[in-house]
Amino acid sequence: MSRRNEALLALLGAALVVALAAAVPWLRFVLTIALAKGLAVLGILLLLRAGQVSFGHALYVALAAYTVAFAGGLVPEALLLLPLAALVAGLVGLAIGLFVVRYREIFFGMLNLALSMVFYSVLEKFYAITHGADGIRIGPVTFLGQRLSGEAAEWAVLGLALVLALGFGALVRVALLSPWGEALAGIKTRETRLDFMGIAPRRVLLIAYVAASAMAGCGGALIALTTRHVTPALAYWTTSGELVFIAILGGAGSVLGPFLGAAAYELTRVYAAALVANAWQMVLGIVLLGVIVFAPGGLWGLITRGRKAA
Amino acid sequence: MVGGGDHARAALTRRAALGALGVGGLALSGRSVQAQGAKPAEIKVGIATYLSGPASVFGVPGRQTAEMLFDEINAAGGIAGIKVRPIFVDEGPGVDHVVGEYRRLVQSEGVHLVFAAISSADCIACAPLADELKRPTLLWDCGTQRIFEDNRYAYAFRTQANATPEILAALLYLLKVKPDFKSIAVINQDYAWGRDSWDIFRTAMNTLKPGVKISAELFPRFGATDFSTEITRVLALRPEVVLSTSWGGDLDTLIRQASDRKLFDRSTFVMPLAESSLQRVGKALPAGQIVGARGDHWFLHPSPEDPKRLAQFTDTYRSRFNAYPIYPCFHMAQAVSAMKAGVEKAVAAKGGGWPTDAELAAAFKGLRFPSPTASVTIREDGQGLENQLIGTTLHSDRFPFPVLTDMVVFPAETITTPVGQKSADWLKTLTPEMVAKVPAAQAFQ
Amino acid sequence: MSWLSENGLIVGLALLDGLSYAAAVFMVAVGLNLVFGVLRVLNVAHGSLFAIGGYVAASLGLFVLSLGAPPWVGLPVLLAAAILVGVVLGPLIERLLLRRMQGQEPVLQLLVTFALFMILEDLQKLVFGVQPVVFDAPLKWLGTVDVPFGADTIPFTAYQLYVLPGVAVATLALLAFVLRYTLIGRMVVAVTADREAARALGIDAAKVTLLTFTVGTILAALGGALSVPTVSLVPGVGASTIVLSFAVVATAGLGQIEGAAVAALLIGLGRSFAVYVAPEFEVVVPYAIMVAVLLFRPQGLFGVAETRRI
Amino acid sequence: MSALLSARDLRLAFGGLKAADGIDLDVEAGEFLAIIGPNGAGKTTFINMTTGYLKPQGGSIAFDGQPILGLSPRRIVGLGVARSFQLPQLFAEHTVLQNVALAVASREGRLSLWQPLLRPAIREEAQELIGRFGLETVAEVRADALNEGTRKLVDIAMAVALRPRLLLMDEPTSGVAAAEKMGIVETLVRVLRGAGVTAVFVEHDMDVVGRFADRVAVWGQGRIAALGPPRQVLNDPEVQRTVIGIAPTGGLHAPA
């Protein structure tokens, strides 16, 4: 799909999000969460390019969310909290990345899982500070110094999420077509060759890992600003699994995939929960199974296939 | 499922509408402001409960009770002549899901009340939402005392006690029946409740009986399946008392593994939540252990306010679900009862008209409503005043599981943190007279 | 008692607990690792199969006892239930889902099992309910053993002391024997080492896969069945079981059954000692062990570095 | 003329198998050196040691006077030593053009994150190179859809794209159809001579060796059995018996 078409689709999607959020107030929340998760999944997409699956990416989501929760008391300004949270996630991503980029495939996935489970345990353990599973409530925050309340605040976070989604989506798209992006994809198919071309695969992967951490950080900060309550469950391995789930649901073929997948996932979950409150998980599982078996390219693959056929 | 058909149809239509993606077809927003004050066709109640995960051992009985009681209310003509309909949402997926569902319940389903929730995290997240979206919300089962001690809410009310009286009652009972114990170990689940409840217990114990030796503080992982190391350690340390505030599958497993290893022969267990496990573990739990029920809930309550009410509740539940009701059933019954009393009070205050959300919320302040065993009063800060019943296990031929004897019913006012105080501070001001004033025990009959 | 002898005794007790815990961990992880070796799929649904095995064993056991069978019958019933679950579900899942996914991206194969996990979690709840389920007749029948502890004695259940480790050792021995000395076992080893090469040698890889997955399912179900005498099964038990098994597999090295045994021992003993020495870190033990092992042995304890042919 | 590559007493054993048992070899700047020998003689091992993939257990290697032993493949590439592979190492999910372009781009050392890989400068150079190898028709084909001979050429083109001073090629013509072989090698040699590249290549086709090599080194059991101009070495009866006689042209060889 050409760059113009993709950009057009992205803007169309953004407009649709705004329209939906305006028409259906409760969807504002769901869509903001979807965009936030989409940002985290965009990072998963980067790692998937290199053929690596992180089963602990939720670590960075949780890290950022807790950064917002703790720093929110000191500087209750969304536009400071968000970059701060992304920075913290990115820095921790750098420290952990230096270690995990030496591993591939299941070891990469499991090490990430282990580290996120350790963080989960730490959040539970230091309950005197974190209140454990009860979580931390985030007080009201300002936007550019403006104290917004109720609906205005929801719109502000949604707007922020949209801007970040479009921005990071564009950045990732550009980067994936750069020599770095193609080398990243080369890690998946022929890592050895990169070495013999003078390229350090670990450094290539590390850049992706740190970027993915920072994006997950943005996602986590947005989730914290939206739900205004953070719990250790954000770091649990099933949250990471959910992110990978969304990546595949949306399709790894385009930067729009993660957002498409996240929206589809959140809406499916909400409607499944409304329809069959005690078996929504089964519905989601069946949807995922259907997508994998019948549309391995994900929802994005379906769209492009439909266009080709038309 | 009560009203399930309508509910499912409504959801389907919404999905069809969303599928069409025509913004015009998306008139999904909830009750409009104009509708305020008009008498609704039905009272819709959103109920957050655990339908998946380990806590569904409480969530599903809670849901069953709600279905049963909503049926009863509708059979009797509804509340103030209006039928009621529950809409259940699952707490299993976590706080962000519940917060989203809360918004959907209010903004899309247009519920008149919300019952939230079992998880303390969900309650902490939902209480501010209640004020933000201005929808009366009854906290029906969560335990954390932080909610009304740290904040004030105009729309959120708790229809039961909280962790402080629940744990304090167990400690007072222990001090009454075993005043000379010198050592204690704790085996609690490693998460907020396990830690918080131990904090409350320890703080109060250090105030009322300083110098007790704490032999071990063990916090196995939430959902742990193997307690043998913990049990071995406690067997070796031989503390006189073992406290565990665990619940659900964890508590069942702990009781059974402790029983298999004869730990009950060496130490007396204090289990403030074990009433909910009695029917499942059966007589694996020996006599002589101290058991609580997070309230005065016990289907064999020795002195219920209205014996007929308790008997009817127990029998109906038992005939429908083939089990005796456990504490989440009673908590749900209290929420339903509070809803009924609150709506009736608000409607009466309006001279038969339908109240606004604010008027309905205001009706809950100071509300006194009947529970299956007694009455509960909602204090000015939103906290419910609920009595606590603690007893000792006894094996009787009449039941295939242990029953309670030497039951003490603690009046709520004596053990609940006063309005405006924090539990952590209040517990440090307790005096030994409190133990002396513990009401007389009542035997199993 | 001197400090030394007392601590020596405590070490002894921790060893006993650690061994029985390790046996339980091994029973779940060994099947997962076996399946991973041959299929190269980390079966997330393995935990659900564990739970189903447990529920079926409990139901079957209670049913058989209700017919008036003596309590010892409960023991063979546990095994029978596991085989039943494995023989029914194993081929079903392999044939209908996993075989379709052969040759697809590894992440897709993994997500198929994730979807299956979601479906089975709800299915299990709908079939077996949410109330904790238990079947402890065999354990009661076996009684307890008093282990001397200084002047004192500590009762252990015979089930925990003999049956669990016994079954684990027998399983390990049987698997090791079959893999080393039987034709089918050598086929499994060959497919684990190099699927393509094995096929080139005329090995029916599809058959080996089916067989391995069935055996893996039986082992998962057996793990669950063996747990019902001591554990109350509740919804969600699968999720917490599987995440521990992941750590075992990564620590062990892929497809290595001896590795799984050593890793399970490390984790079991590590956890047991943690309860005595530093109970606050008990939860982190499996992950800490895994990270430490991978730090020094990037392919796991018994893993062989895959030679990169260039 | 001084030696561009100088190996002294290289030793490496895999278990009992001596893949290098005291290799001494000087490669002069500008020359084409062919390596021949039976399977398992240690030919590929020599390339692997020279390019940093394997570390010898003893000896030394210097490139342009600088010791390169113990350096990573990446550093050695940076000094100007490139290689191609017996089993082509291509990015299977990229097109031929992308494969070659990535090699061109990697010369910059630091990969750009913002400019597209196929920006005009890189695209033109890659296309030009692809043209020189006669691969225009497959430029937009994904590497996993190519036949073995074409993959081989792309593999070499990627090494050439690095503009090395020394190029080591592991059986560049194996898998290439016999009819095309001479033409391709001629093209290759022209490209390399034109760029002034020194080349070492493992080869089994004695016609190719005879026509294009300046010198021939004969490997046997981890040692250099003979070294000299092709005419002299290829006519050596001992070499003819042990190497040429049993080595099938273009056959499969273990990467030992």
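Order of writing sets the chain letters: A, B, C and D. Residues in each chain are counted from 1.
Please note the rule applied: a residue touches a chain if its C-beta (ideal position, glycine included) is under 8 Å from a C-beta of that chain, and two chains touch if they have at least 3 such contacts.
The shown structure was predicted, so the numbers you read here are calculated from the model rather than taken from an experiment.
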- [ ] Indicate, using Cα centroids, the chain positioned nearest the centre of all protein chains shown.
- [x] A
Open item on the list: Please tell me whether A-D or A-B has the greater number of C-beta pairs in contact.
Closed with: A-B
Task: Centroid distance [mean C-alpha coordinates] between subunit D and subunit A, Å - done: 44
TODO: Provide the C-alpha centroid distance between subunit C and subunit D, rounded to the nearest whole angstrom.
DONE: 49
Task: Approximate Å spacing (C-alpha centroids) for the pair subunit B, subunit C - done: 36
Open item on the list: Quick check: what residues of subunit D touch more than one other chain, meaning two or more?
Closed with: 89
Task: Multi-chain contact residues (two or more partners), subunit A - done: 124-125, 192, 278, 280-281
TODO: Would you give the residues of subunit B that are in contact with at least 2 other chains, written as numbers and ranges?
DONE: 52, 190
- [ ] Report the residues of subunit B in contact with subunit C in the complex, numbered from low to high.
- [x] 52-54, 56-57, 59-60, 190, 216-221, 223, 225-226, 228-230, 232-233, 235-236, 238, 248-249, 252-253, 256-257, 260-262, 280-281, 284
Task: Residue ranges of subunit D touching subunit A (in the complex, touch as defined) - done: 51, 72-74, 77-78, 82-83, 89-94, 98, 101-103, 105-109, 111-118, 122, 158-159, 162
Open item on the list: Could you list, by residue number, the parts of subunit B that touch subunit A in their complex?
Closed with: 8, 11-12, 14-15, 18, 21, 23, 26-30, 51-52, 88-90, 92-97, 99-101, 103-104, 106-108, 119-121, 124-125, 128, 132, 144, 146, 190-193, 195-196, 222
TODO: Would you pull the subunit C residues touching subunit B in the complex into a rising list?
DONE: 10, 13-14, 16-18, 20-21, 24, 121-122, 125, 129-132, 134, 136, 139-140, 144, 149, 152, 154-157, 160, 227, 230-237, 240-241, 271-272, 275-276, 279-280, 282-283
Task: For the subunit A and subunit D complex, residues of the former touching the latter - done: 174-175, 177-183, 185-186, 188-190, 192-200, 204, 207
